[in-house]
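There are two complexes below, and they share subunit A, which is joined by subunit B in the first and by subunit C in the second.
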Partner chain A sequence: MTRSPSKSKRFGTSMNDKLFDGTNVIVMCIVLIVTLYPFLNVLAISLNDSNDTVRGGLTIYPRAFTLKNYETIFAYQGLVTGFYISVLRTAVGTLLGLLSGSMLAFVLARTDFQARKFVSTFLALTMYVSGGIIPVYMLMRDLHLMNSFWVYILPGLVSAFNVFIIRSFIDGLPYALQESAKIDGANDFTIYWRVILPLCKPVLATIALFLAVGQWNSWFDTYLYNGSSPSLTTLQYELTKVLQSTTNSTDYRGKNITDLVTSVSPESIKMAITIVVSLPILVIYPFLQRYFVKGMTLGAVKS
Partner chain B sequence: MEAITNHTKKPGGLKRNGFWFKMLQQKYLYLMSIPFVIWVFVFSYLPIWGWTMAFQKFRPARSFWDQDWVGFKHFVDLFSDDRFFLVMRNTLAMSFMSLVAGFTIPILFAVLLNELRNQMFKRFVQTVSYLPHFVSWVVVAGIVTKMLSIDGGVINDILLGLNLIDKPIQFMGEPHYFWSIVTASDVWKEMGWNTIIYLAAITGIDPEQYEAARVDGAGRWRQIWHITLPGVRTTISVLLIMSIGHLIQIGFEKQFLLGNPLVIDYSEVLDLYALNNGITQNRYSFGTAISIFNSVVSIILLFVANGIFKRVTKESIM
Partner chain C sequence: MKRKILKGTSLLLANVMLMSALAACGSSKDKEEEKQPESTGNGTTTNETTQTAVDTTPITYTMLAADPSPDWNQMQDEIGKQITAKTGITLKMDFATDANKVSLVAASGEYPDIISAKGSSNLFVDAGAVLELSDLIDKYGPNLKKVYGDYWNRLKWSTDDEGIYVIPTYDGVNNTYFDAGGAFSLQHQAVEEAGYPQIKTVKDYETIIADYVAKHPKTADGQKTLGLSLLADDWRIMISVTNPAFQATGASDDGEVYIDPKTYRATFHYRRPEEKEYFRWLNHMNDIGLLDPESFVQKEDQYRAKIAQGRVVGVIDQKWGFQSAIDTLKKDGKPGATYGFYSVQLDDSTVDHTFEPTGFMGGYGLMISKDAKNPERIIQLLDYLASDEGQVLINWGIEGKHYSVNDGKRIIPQDIQDQKSNDASNFRKTTGIGLWNNYAPHYGDGMQDSTGNYYTTNFPEQIQKTYTDEDKKVLAAYGKSTWKDFFPSEKDFAAKPWGAAWNLPVPSDSDANIIYNKLTPIVRKRIPEIILSKPSEFDAKWDAFMAELEKNDVKKYEDEYTKYIQERVALWSGK
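Showing the complex of A and B:
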């Protein structure tokens, strides 16, 4: 450790270091381009005149700028309904998911709780064993959750993974807080609501993001359970229909929107809907970066 | 104090510190958890009861007691179906490919991110790299199809521009490309997101180690090889072992959305096979048999993975 490198060696190392740094920056720029180009390309097409788009060759800026594609899609009732349902399921699903997750986490963080071991194991098993796609489908049918808004909310309401992340956060809070509240005569629910919940804001922000992204991006439950009720379809599902319309034009469920697509330029419509579907989350996530990075790390350590 | 109160009885006749007394004391904890226990029972455990369908000639209109029982018939059918082996091949191939690519590339990316000198640039690259994680598979499938399309797809444009090909390749219609397209899409979507854990592990490495290596004249590559990579070794092995448990549960969204009738022989995975049989063709019992096979194999793999993990780290992940 005491031996010092010769001058020429040190020079060589710093040259190598510079070469390394330079190459690294170039690699990162390639990553940036590969990640961003598709989005910019989609944005450009969505803002370009649809007749002009057919000529091809669009890159990252619109050649003939227009907002007409967006006007067209928002004139389509299915999309407006889809937007409304997507917003609603995201709001309700996130709120109820936070409530159930934090409540269970609070209970499971209490080492003196009699049924703790049972509830914890009961919940943890769900992470490993699942009934599978057909039994779940049959259950939803038996519970009359087909063609219902609640099929978006109820099945995923309790997530073991989220519960354990919140619990490990609560474990990190000083237990003395709960004890002193108890001495003041607070019952367990009050302790949860007044003492613990406000302190959990950082972890709840993480979980809220996970839940909201999951709800907003989900399309398969719509396809499986609510595909035949136009008043309950989500934005993602509408997009699926449009995107599949060229590859599979005989899809009976996609009838209305396929008509729409063929009446204008399919390309522009597809891209405009893609932007509408992605934008809300893309605008929000950079501001929550601090939280989800922490949440992911916490979850990885604990599970 | 404890000893005295232990024997005094409450007016209700419940012994202090007895089971029922404690239960009464913890009534709020029970009230706050029992509804969710019931919930979990209904939505996660009841479907397992549905496994009985696989042993019946299930007819939806009949009650449980009126079904005809057929034993293992559906499983025999399953294992003698040629399609099943095709589907298993697809499932394992894509699972293996995403395991290999999904591990090496994010680790490499995390290491390179960590080496960036300019912190502003590093943060920017990180933020951008998380972006695709937040869009749905529907959107990603749309984007991938667009980028690979024969009219105006950027990949074909580049290949044509470089004179590597004479005419555009119909990527989405060529069965042999399907596995690679799925794997590449997966990497594109999740690469940045998967670095989070590795970067957190790298942050935990003692900076003095790098200092010492620099004094010894180690270049950047040697520092990465001898300090950074060993530093994240535990994280890598934990994640690797855990993903063995999910080897055949690879999901079906990507395959569903990127697939089309032209490539079905390469795109159909276990869950899609269950879906196509169980719901599209109303073969509920057969579909359930596929689901059971899927779950049972996953559980076995999970125990195997946990066994390896216990041996390696003397700890359990379950």
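Showing the complex of A and C:
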């Protein structure tokens, strides 16, 4: 968008261009509002007194401002360990995932790899056929991955989908690069590490984003395998517990209610949690995206 | 130190006495803990024939709980420590939030020592994964026997296998409800303006609403007043629209079926001719414009918003369904727009069965794995929790810390009560009060121990405290002290020998369940249609609805359900 004015100046503006720009701006504004509104609404509810929220009609600003919802969330002690483990699994999982994914993709992109077809097919199969939840659970148990940090990392280390994306990117690079490196005396690992990997930055940035968001958001593996080890639970898991706790305490079904008015409702807590978990991603995203766009153009010019 | 003292094994009775004797030379904190009057109460009621000593060597048991307990503190809370001190047992917990994880554990073949599986208990029993507990309880569980008392037969698994596998811990034994919370409610201001007339039938109910709406077509802030609003959002249609149909026609709550108390024959409750008239009344309310036209399309938050704005004169729903809206009204200083709950019947010919007691229904609870080491220790733990001492501990906490005894009455000091209500989660976490409700056999609200105190911290006297002045004014005008007084008391009924049909586990692959899944969408589609139709079309539409149910095997459903109910009555009566 920033480029279009300079472009239009250079080539002169016609009526059509103006019309196009105008429509473009309006459409983009509508898209912006439509995508931003739900988020602002969530933010407003999270900052609004839950007794007041019940009355409905909240839009993008809180009517009865309070930090009570956030206080409730942060009162849970499990959040600190949870945050630490979540950051750790995101960092380690993303890094190792990138490394192993790109290595496999590099090998699969090599035409001189004999079992190429077999491994590709085998890998593709995992995209369509899965073991199902019970066999997976039993496998994790037999691999002694229960109650261990590595259950977050190892099972999802290689994702077929990511490998294929990276492979097709490497396929797009001229094979001559690898040949000339070989003539210069580079071994296979050097070719991978010094030639291919730097060129793959744009695709790696994309995959990194996939992996990081996936790692950051997942809680089901914590729930299934590490629920009984409080030192290994992730932020998302801890937050679901907070939500359950408020839901439980406002569930009056079949109970004699003798305590007075509650000050937080599950709805408000849900909104506050949404903000808490999406904030880190929101902060990191622009940085990654900038790098990602840069990498894209870099690759484009070179090829 | 305490553990060392306890290591010298003794009878349960002697144990208690020893504790109180030795605690005198312990720290002052211990002293207060042990000098509970309940201890002696416990001693006298304990079965003297239990010659088994309580082993208190430290041991850790793994446990899977089917419900999340976010404040669970690895037994590092005050109550948890006390329980460990008394029994030597520490629980290592894993929580499930859905049936998936429970089925996973069941399928994996490696079972935690203690399993709370809720609706999935059958997976473990069918797999032979859990112990039959009758003998263990006989030997080690005198207090368990005391708590379940008359309901012993209701613990049995099935007519084919009368063993006890599950120790019910979710429901309180002999729980009583102190107050009514549904289904027919009216704003105080409407009742007041009408001059507190008799409210007995739907006609009375309608008149009050009609008069108020006619006089106040708009609320103070200019919004349209709504006569009657219902909620039909997903399963809530049962609570707000269809359950009131049997409640208003003198039937007790058995879920989607009506059970004939003499023949135990089940009827899909919509097929009772009386209920047709209830829906005709709703149809009439819609016809004269008193029914909120959004009733069948609104979502729960929209519905609550309307109530919270004080616009809805009459609500047919359970109080827990719109409690948060009532809280908002109270906070906004609109007590006149909050609600009273009345016993309303279609006509004078029926009696409101809302409080017909079900008796203790057993239900969800704990199982013990066949692989658990020393399962008798687990029974001893549960037996301790079921003792009077244990009951007071899990409900009230530790004497001197969480409650005090004045003139033989247990009282929660104000500062503790404030913490409990204002910082609920931390309070639970540090004290452990409230964490054991689903893990321990327990008495329900309203049960008193030998000292005349209530076992739980909810008791009838507290209900008055939750009333606003407006509530009290309306109640006083009718000469009642609680909303429950409008209803026939549970003492007027005998407990239903089948408990309640809604708590009957119907196998998921049974015909009854398959047919039910076909019938539900029909009900949820046709009932709103019928209510919103023109009165002249009502009969034709109702007949079509009945025909559609019959076409979808409703009779077979009823037959199967009848069979289940009769089996349960046979099992529970011990015949």
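Note that in this section the second predicted complex is superposed on the first by the 181 of 303 C-alpha atoms of A that agree within 3 Å, B and C clash if a C-alpha of one lies under 4 Å from a C-alpha of the other, contacts with A are read in each partner's own complex, and residues count from 1 in each chain.
Throughout what follows, a contact is a pair of C-beta atoms (placed from the backbone, for glycine too) under 8 Å apart; a residue touches a chain by one contact, two chains touch by 3 or more.
Predicted model only: the values in this text are computed from it and were never measured.
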item: Which superposed partner A:Phe113 touches (first subunit B, second subunit C, both, neither); value: first
item: Touching partner for A:Pro230 - first (subunit B), second (subunit C), both, neither; value: second
item: Subunit B versus subunit C as contact partner of A:Asn51, first or second or both or neither; value: second
item: Contact breadth on subunit A, by residue count: subunit C or subunit B; value: B
item: Which of subunit B and subunit C A:Ala75 touches, first, second, both or neither; value: second
item: Partner chain(s) touched by A:Asp221 [first = subunit B, second = subunit C, both, neither]; value: neither
item: Touching partner for A:Val27 - first (subunit B), second (subunit C), both, neither; value: first
item: Touched partner set for A:Thr240, first subunit B, second subunit C, both or neither; value: both
item: Which of subunit B and subunit C A:Val213 touches, first, second, both or neither; value: first
item: Subunit B versus subunit C as contact partner of A:Gly132, first or second or both or neither; value: first
item: Subunit B and subunit C contact sites that coincide on subunit A, given as residue numbers; value: 56-57, 133-134, 137-138, 141, 224, 240, 248
item: Contact footprint of subunit A on subunit C as seen in their complex; value: 62, 68, 70-71, 74, 92-97, 100-101, 103-104, 107-108, 110, 177-179, 181, 301-302, 304-306, 308-309, 318-320, 323-325, 327-328, 330-331, 420-426, 429, 445, 457-459, 462-463, 465-466
item: Sites on subunit A touched by subunit B in the complex; value: 1, 3, 5, 9-10, 13, 16-17, 20-21, 24-25, 27-28, 31-32, 34-39, 41-42, 56-58, 100, 103-104, 106-108, 110, 112-115, 119, 122-124, 126, 128-139, 141, 143, 154-155, 157-158, 187-189, 192, 213, 216-220, 224, 236, 239-240, 243, 247-248, 270-271, 274, 277-278, 281-282, 285-286, 289, 292-293, 296-297, 300, 303
item: Complex contacts: residues of subunit B adjacent to subunit A; value: 19, 22-23, 26, 28-33, 36-37, 39-51, 53, 60, 109, 112-113, 115-117, 121, 125-132, 134-139, 141-143, 145-147, 151-152, 154, 172, 188, 192, 196-197, 200, 212, 215-217, 219-221, 235, 239, 245, 253, 256-257, 260-261, 271, 274-275, 278-279, 284, 287-288, 290-292, 294-295, 298-299, 302, 317-318
item: Complex interface listing, subunit A residues touching subunit C; value: 50-52, 54-57, 72, 75-77, 133-134, 137-138, 141, 223-224, 227-228, 230, 240-242, 244-245, 248-253, 255-263, 265, 267
